[in-house]
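The chains carry the letters A, B and C, assigned in the order they are written, with residues numbered from 1 in each.
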Amino acid sequence: MTAQPSSRWSLFLAAPSLGVVLIFVVLPYANILLMSVREPSTTAVYGDGFTLDNYLKILLDPFYLWLLWRTFKIALVTVMACIVLGYPVALHLARTPSRTRSMLYALVLSPLLTGVVVRCFGWLVLLANNGAVNMLLADLGLPRLRLVYNEFGVIVACVHVFLPMMILPVMNTIQSIDPRYEEAARTLGATPRQAFLRVLLPLSLPGVQSGAVLVFVLTASAYVIPALLGGGRVQTMPTIVVEQLLGTLLWPSGAAIAILLSIGIIVVLLLLLLPLRFAARGVA
Amino acid sequence: MRLSRFLAGTFLTFVYGFLLTPFVVVILTSLNAADYLSFPPQALSWRWYGAFFGSASFLTALWTSILVAALTAPLAALIGTPAAIYFVRHMRKYREAFRFAVLSPLILPEILTAIALLFLFNQTVGTYRSIGPLIVSHVVITLPFVFLTVSSALYNLPPNVEEAARTLGADARRTFVHVTFPLIKSGVVTGMLLSFIVSFDNVNLSLLLKPQGQTTLPILLMDNLRYNFDATTAAASVVSALLTLSIVLLIDRLYGLSAVRF
Amino acid sequence: MAYLELKGLVKDFGGVRAIDDVSISIEEGTFASFLGPSGCGKTTTLRCVAGLETATSGTISFRGRDVTSLPVERRNIGMVFQNYALFPHMTVAENVAFGMRMRGRATSEIDRRVDHILQLVQLPDHRRRYPRELSGGQQQRVALARALVFEPDILLLDEPLANLDAKLRVEMRSFIRSLQKEVGITTIYVTHDQAEAMTMSDVVVVMFDGKVHQVDKPTAIYADPRSALVAQFIGAANVVPGRLVDGAFEAGFGRIVARGGTQRNDPVQAVIRPEDIVLSAEPSSSSFPVRIVDAEFLGNLVHYTVETDTGVTLAVQALGEQRYDIGRTVHVGVEGRGVWILP
């Protein structure tokens, strides 16, 4: 199948989607940047003139810095939990024979299709003070635990919601690794454990990396889960931004917070990814 | 050896169970006969489903969600299908850039996209809390799915079939109508159904852009979870989940789940 | 007037010249093979004739009519692809009917012709099957039926047998050839398999590196190759440099009567086929001595590698009755018919 030469009118095929992206993605994002340097106003979404105060106010306010720290902390803990829980599942899925695999695969995917609110609901019922877990503890004579409306509840729900996003990339990567590499290692005298640690694990790291980036970005920018599981008591950057935008009219500050969150995410990703890349190169 | 096998098996069961538990909880809660939210339920009843189907606010929200999703999906297909065709068949230079651009709504954090569109609609159209902007924003976020499924279908076309059609006397238009489109139909339909699901379940965009006085089902569920919790919400959640799951089953029935390939 | 005429055809892909100044004339009803190694430009030439590629320069004419700028769908060609390219979402009957549907023929006529051609390709009961239910050979026959049913001007085949196993390939070879004879259609057949080209064709077009080296009957290609490349591609060949002296080929180690070449004393190259070299233990008036360097016993044939006293190496194919050991000196005679001077 050779690509046909692009005639002039075939560009019309691409025009609608490019138009959508330009007008509804590029332009609006640039506009956030613009909004973030506008003067805030209490009577309209923004006032006259431009200023960098929005940024200064946030950067100099320890509350916001602490908020940023907490958002990233939750995200990082979620990532690590997802790696610990997700890697074995991905490994299992990738190396299972096809029949059971498609069933289990559907099982892993199904949470993705039922909406985040439904899933949060389940956790709220489970972890509430008179929810299932605490009822069980009470029956066993153990003291109750505060499991919701705190960081713990938020993290548990984030791990649950984003676990498939770790499992899928890792599974895909492992599936693309030829099992003959491990077989070769075994013929050279490696035990199954050594073959795994020295051959499969290093080769699968790119998948882990993709999953980690995905889960990190999703968690750090998550709104619904902290809003529901945090119950107003656990604020993260996204929840504060939404509050500012919907509750008050201080859109410029909301915009500045959103920008700073984005920059923060990119910085943390770079800090995480660079050493990982060196490690992968060294091991592989 | 046996011990590590057993531990591995237990661990895996735990994780699979972890993934499933919240649904089981929601389902059981929705069937609880008691008045208060207790777990586990002592007796089962359909009463909360009755309450759901008798609740005007829930039904309106459900209907709004379905409407928005039903309008979003075909629009996403109309825009995404030609984009995929252009990308796979006609594009020579800047391919990676184009692909990145079309897939960007998937890569960018949804809450930021929501904020960006909130600003945009407010500053340009003036009305940002209405159905039009809401649907536009849903189309933006579902477009990548159609693009991916249709691209995949195009890549999986048997080689040379379009050339064969040309040698048999079909011009470019007739080749598309008689050969190309029938063969990528599975990609288009799968993309549309995925778009429906994504739009139906969406929270971030709907939260910021929904019309005043109207709401979608996920938003209504969220509000209920925050402010007043009762088992009707559980019944609503189950209905919502069943709806999206049945669409996935539909895809499987039509084309097999392998069609959901990127 | 030739049925198909290519004049000065050139095709460039970016900076690469795939075919260079290709000029061929083919008469009506001929089965012509384009033969050459991968990358020689034979498929590119075919695709230019089909209209699937646009030539950079040169002209293509069908029956005197210039079709160079005519789009594919208007050239009235029938094409068979290497991987069959059957439409997976259509039945066999729908596949075969496609060309006629595009031409707006009446349904009754279409049905009649489809049935007739399916009989011809020996698949009369397969109307309602889908391509995926057919074997490779059956799919290939459907592809042929589809390409022939609307009586195109030219039949083009792009390595159609490459995906079939060896036995099926031989069967299909004769099938395609007899079908073509029965229908009488001018045919171009692209292949890299010289056995296919030699056994099936009226005319063989040998190509290397985008250029046509020879257009001839198969026997002429074998006996009178135009270049060393052609000689070496078709059958094995020894290409030996030497001089042409008074009608005989002289190469330092001996002197042999030869065919071809002009009568001057020029340096030339001679082609000596291994099977035309005769080994014997005793010398004769026209023989020259060689030493046996290697021997491969293949049942009733033996492949020897021998070396002359001037250091020239020759490949020899002999019957296995007489076996000579390595290191032995034997005497070589060459049948006069077997030395051909390259032009």
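As a convention for this text, a contact is a pair of C-beta atoms (placed from the backbone, for glycine too) under 8 Å apart; a residue touches a chain by one contact, two chains touch by 3 or more.
Quick caveat, the model's predicted, so the values are computed rather than measured.
Averaging the CA coordinates per chain and comparing them to the mean over all protein CA atoms picks out B as nearest.
Among the inter-chain contacts, the highest number of C-beta pairs connects A-B.
The mean-CA centres of chain B and chain C are about 56 angstrom from one another, to the nearest whole unit. Mean C-alpha position of chain A lies 18 Å from that of chain B.
For the pair chain A and chain C, the distance between C-alpha centroids works out to 60 Å.
Shown for chain A are the residues that touch two or more other chains, namely 2. Chain contacts: chain B has residues 159-160, 163 touching two or more partner chains. Of all residues in chain C, those touching 2 or more other chains are 52, listed in ascending order. Here chain B touches chain C in the complex through residues 158-161, 163-171, 174, 178-179, 182-183, going by the rule given at the top. Those residues of chain B whose C-beta lies close enough to touch chain A in the complex are 8, 11-12, 15-16, 18-26, 29, 37-40, 78-80, 82-83, 85-87, 89-92, 98, 101-102, 104-105, 108-113, 115-120, 122-123, 136-137, 139-140, 143, 147, 157, 159-160, 162-163, 197, 200-201, 203-204, 207-208, 218, 221-222, 225-226, 229, 233-234, 237-238, 240-241, 244-245, 248, 257.
Contact residues of chain C toward chain B in the complex are 50-52, 71-74, 76-79, 81, 83, 85-89, 98-99, 102-103, 146-147, 150, 156.
Note for the complex: chain A touches chain B at residues 1-4, 6-7, 10-14, 16-18, 20-21, 24-25, 27-29, 31-32, 35, 45, 85-86, 88-89, 92, 102, 104, 106-108, 110-111, 113-126, 130-132, 135, 160, 163-164, 217-218, 220-224, 227-228, 231-232, 238, 241-242, 245-246, 251, 254-255, 258, 262, 265.
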